[in-house]
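Each structure below appears as structure tokens.
Shared chain: subunit A. Partners: subunit B in the first complex, subunit C in the second.
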Partner chain A sequence: MHIPDGILPAAVNAAGYAAAAATTWHSLHQIERKQNPQEGIPKASLLTAAFFVASWIHIPIPPTSVHLVLNGLMGAVLGYYAFPAILVGLFFQAVMFQHGGLTTLGINAIVMGVPALLSHHIFRLRRVTGIKNRAWLAGLAFVSGAVAVGLSALGSLALIITTIPGGLSVEAEQASAYALAVAHLPLMVIEGAFTALVALFLQRVRPELLEG
Partner chain B sequence: MHRKLILLVALVIALSLPMVASAHGVKIDYKMDLAIEIRASYDTGSPMAGAQVVVYVPGDPSTPWLTGVCDEEGRFSFEPDASRPGTWDVQVRLAGHGAMIHIPIGDQLAATGTTGFSTLQIVLMGACVVWGFVGTALFFLRRRS
Partner chain C sequence: MRLGLDDYAYLDSPLHRWEPRCKLIGLMALVFAFSQVQNLGLLPPMLVMAALLLAMSKLPIAFWLSRLRAPGAFLLIMVVLLPVISGVTIIGRVGPLAVRLEGCVQAGLLSAKFVAIVTTGLVLFGTAPFLTSVKAMRALGLPSLLADMTLFSYRYIHVIGQDLETMEIAMRLRGLRQHRLGNRVLTVLSSLAGSILVRSYERSERVHKAMLLRGYGRAPRVRCETRIGGGDILGLILALSAAAGLVVLDMLHQGSGG
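On to the complex of A and B.
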């Protein structure tokens, strides 16, 4: 999921930075259109802390282990704040723990941030349809959380298997990458359930936080 | 006649002594082969079993000098060419996860080396960053109220 330095070719990294810059600009532009753009910052900042720490929570799924990503939760709760929040979180993960990398920061932000924005739109469907029961809210939150991490896993899988450099055994690397991607299926359920729980909890205690 | 025979036998014995001694002589040559063992693991501590390893010689970071695969414990050993001193780069990769370690060989030989931090360092750094995020949240909450 977090692609480290030295895995992708330079052209892919550069394209990732360009796409991340464009998406950040678009997100900031959307945030600016809000009545009070600063209002969402505390929420975004706290969820960035959660995102930053979540990658340390490893879930063993033999033969490998996966970690929480929480990008679906960020998208559902934060809306357009999610993309800059993920960018900042990834930056600190790369600088502090070499989890991901600085050259791949742009591409990682795209791989995790764009599905988060999609989750935001999925979660907004509850307002479009006007249905206001808890099962509908929980269902949409589940789909938001599951789809985001699933798409991120697919995105990084596609990047990894198409850019295997010479000198490596392509079959072995592809086989291990597929195994890792399959291990993200249970993670989709876990993240979906977690997002649904958080959404239900917030709706009970601070429903205004879900209106972003 | 008798004395001559004794002298002859003594001469033969004396001459053959060095030969006997050299048959027990020991010769030792030595040639140092430097072997490097790496061990690759995830930051959870679990080994990167089956990870692919690529070794690069100093000054040529694009052509693999040696490729191989880590064992079940994430270990891989190789013997670098001692005639090529400098920084050898070893890259380990498994399913898009990977890292590179730089091993100095030659004058600045280091017996051990590692990438990454200790658990205490990680916890401390993580706590500092989290506090930064919480502080940001508190700052903007205060301005709003």
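On to the complex of A and C.
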């Protein structure tokens, strides 16, 4: 799901950096509205590292296994820190493992981070509605996780398909879009279920982590 | 768990000695210039520049190859797919699949750009300690919150990664077999992820208190301690000129309809 270097046109990469800078500014602005934004940095940073590490957990889907993206859960737990956290995580991925890339860092951050912010707002419905039962928590967490990974997959695939040099026929574009959308549905379900289970675990063990 | 980024950060080479801010600006300019190349004729000079940087950096070839391997899988898929799905000029057939000229050209272009960009990025971040690179980014205007989050996260990824390894070994010793997806496996793995988050959160509370005791929040901003010399400026001018040259030549080529 991380778009590597060399695939996208330079204009798209530049637009990605501009959009990521604007979204980072918006997130930092929201964070600084809190009383003591500096207090949140160690927590957000260690949780960023924890999410980075948790994404290495492999979920078995025979004959292979997948690793989860967890951007929905990041939105639910980190709130507005989710976008800078994803930016930092993607930077690590690019420089340490060459997953994603330096030129595509901005566009990858948008593709992963904006759905995370959306998940944050979905998850906030819990506080807005005041409903505290476990089913509502699990439902919101499921939707947050599934929607975030679904939108990220859709975003990155749309970017790759529409910017493939030389162009695809309309039929080929439609067929590949449908095929890839269908292929990602099970991943959305797994990511949603996993997010719901982690949210239920956190509510039992450390409920303040869900106050994002 | 080893991330290995700093393994060769203390070698002695012109790239290691290059002042980090100049290196960051110069090599990032090159990376972006590489990313916008569309002219096949510019691929050889682009690859030569990347190879020269790698040779000058003294980074081992095995290290470079190991870094190309993981993302290479995605590239391989594109290189195999593009010739059969992209373009209109059919130049041959492989079984039922038509091989198209435009797809082959683009596959070559993407591969070369990918190798050149990854190589330059590796030289950029592999020839200085990660802390130095982040300080340089901070000195060039990276927001302090992002710089702090980058350094903290980098410091603790190793620690938390070790936690995960220990917990996975403990789970296996207690009989968990992760071969098939089911409710139990998903529940156990979600508890594992949750435990990682809870441990990290609790550790962050202790870290924050320790940092407050050491004056966190009142200390002066960390500044880049390195000085820029004539050689650093010369290197920067060379890198920027090479990047500008590539961009201009590519634009001229596109303007001439080539």
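One rule holds in what follows: the second predicted complex is superposed on the first by the 172 of 212 C-alpha atoms of A that agree within 3 Å, B and C clash if a C-alpha of one lies under 4 Å from a C-alpha of the other, contacts with A are read in each partner's own complex, and residues count from 1 in each chain.
In this text, a contact is a pair of C-beta atoms (placed from the backbone, for glycine too) under 8 Å apart; a residue touches a chain by one contact, two chains touch by 3 or more.
What you see is a predicted model, and the numbers here were worked out from it, not measured in a lab.
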item	value
Contacts of A:28 with subunit B and subunit C, given as first, second, both or neither	second
Partner chain in contact with A:148 - subunit B first, subunit C second, else both or neither	neither
Of subunit B and subunit C, the chain that contacts the larger number of subunit A residues	C
Touched partner set for A:202, first subunit B, second subunit C, both or neither	second
Partner chain in contact with A:62 - subunit B first, subunit C second, else both or neither	second
First (subunit B), second (subunit C), both or neither touched by A:180	first
Partner chain(s) touched by A:98 [first = subunit B, second = subunit C, both, neither]	both
Which of subunit B and subunit C A:156 touches, first, second, both or neither	first
Footprint overlap on subunit A, comparing subunit B with subunit C	4-7, 38-39, 41-43, 45-46, 48-49, 52-53, 56, 58, 65, 92, 96-99, 166-168, 172
Contact set on subunit A toward subunit C in their complex	4-11, 13-14, 24, 28, 31, 37-39, 41-54, 56-62, 65, 70, 77, 84-85, 87-89, 91-92, 94-99, 101-103, 164-168, 172, 190, 193-194, 197-198, 201-202, 205-206, 209
Subunit B residues within the subunit A interface of the complex	42-44, 46, 50, 52, 54, 64, 67, 69, 91, 93-100, 115-117, 122, 125-126, 129-130, 133-134, 136-138, 140-141, 143-144
Residues on subunit A engaged by subunit B in the complex (per definition of touch)	3-7, 38-39, 41-43, 45-46, 48-49, 52-53, 56, 58, 64-65, 92, 96-99, 156-157, 159-160, 166-169, 172-173, 176-177, 179-180
Residues of subunit C touching subunit A in the complex	3-5, 28, 31-32, 34-36, 67-68, 70-71, 74-75, 78, 82, 85-87, 100, 102-103, 105-106, 109-114, 116-118, 121-122, 124-125, 130, 143, 145-146, 148-154, 156-157, 159-161, 163-164, 178-181, 185-187, 189-205, 207-208, 211, 216-217
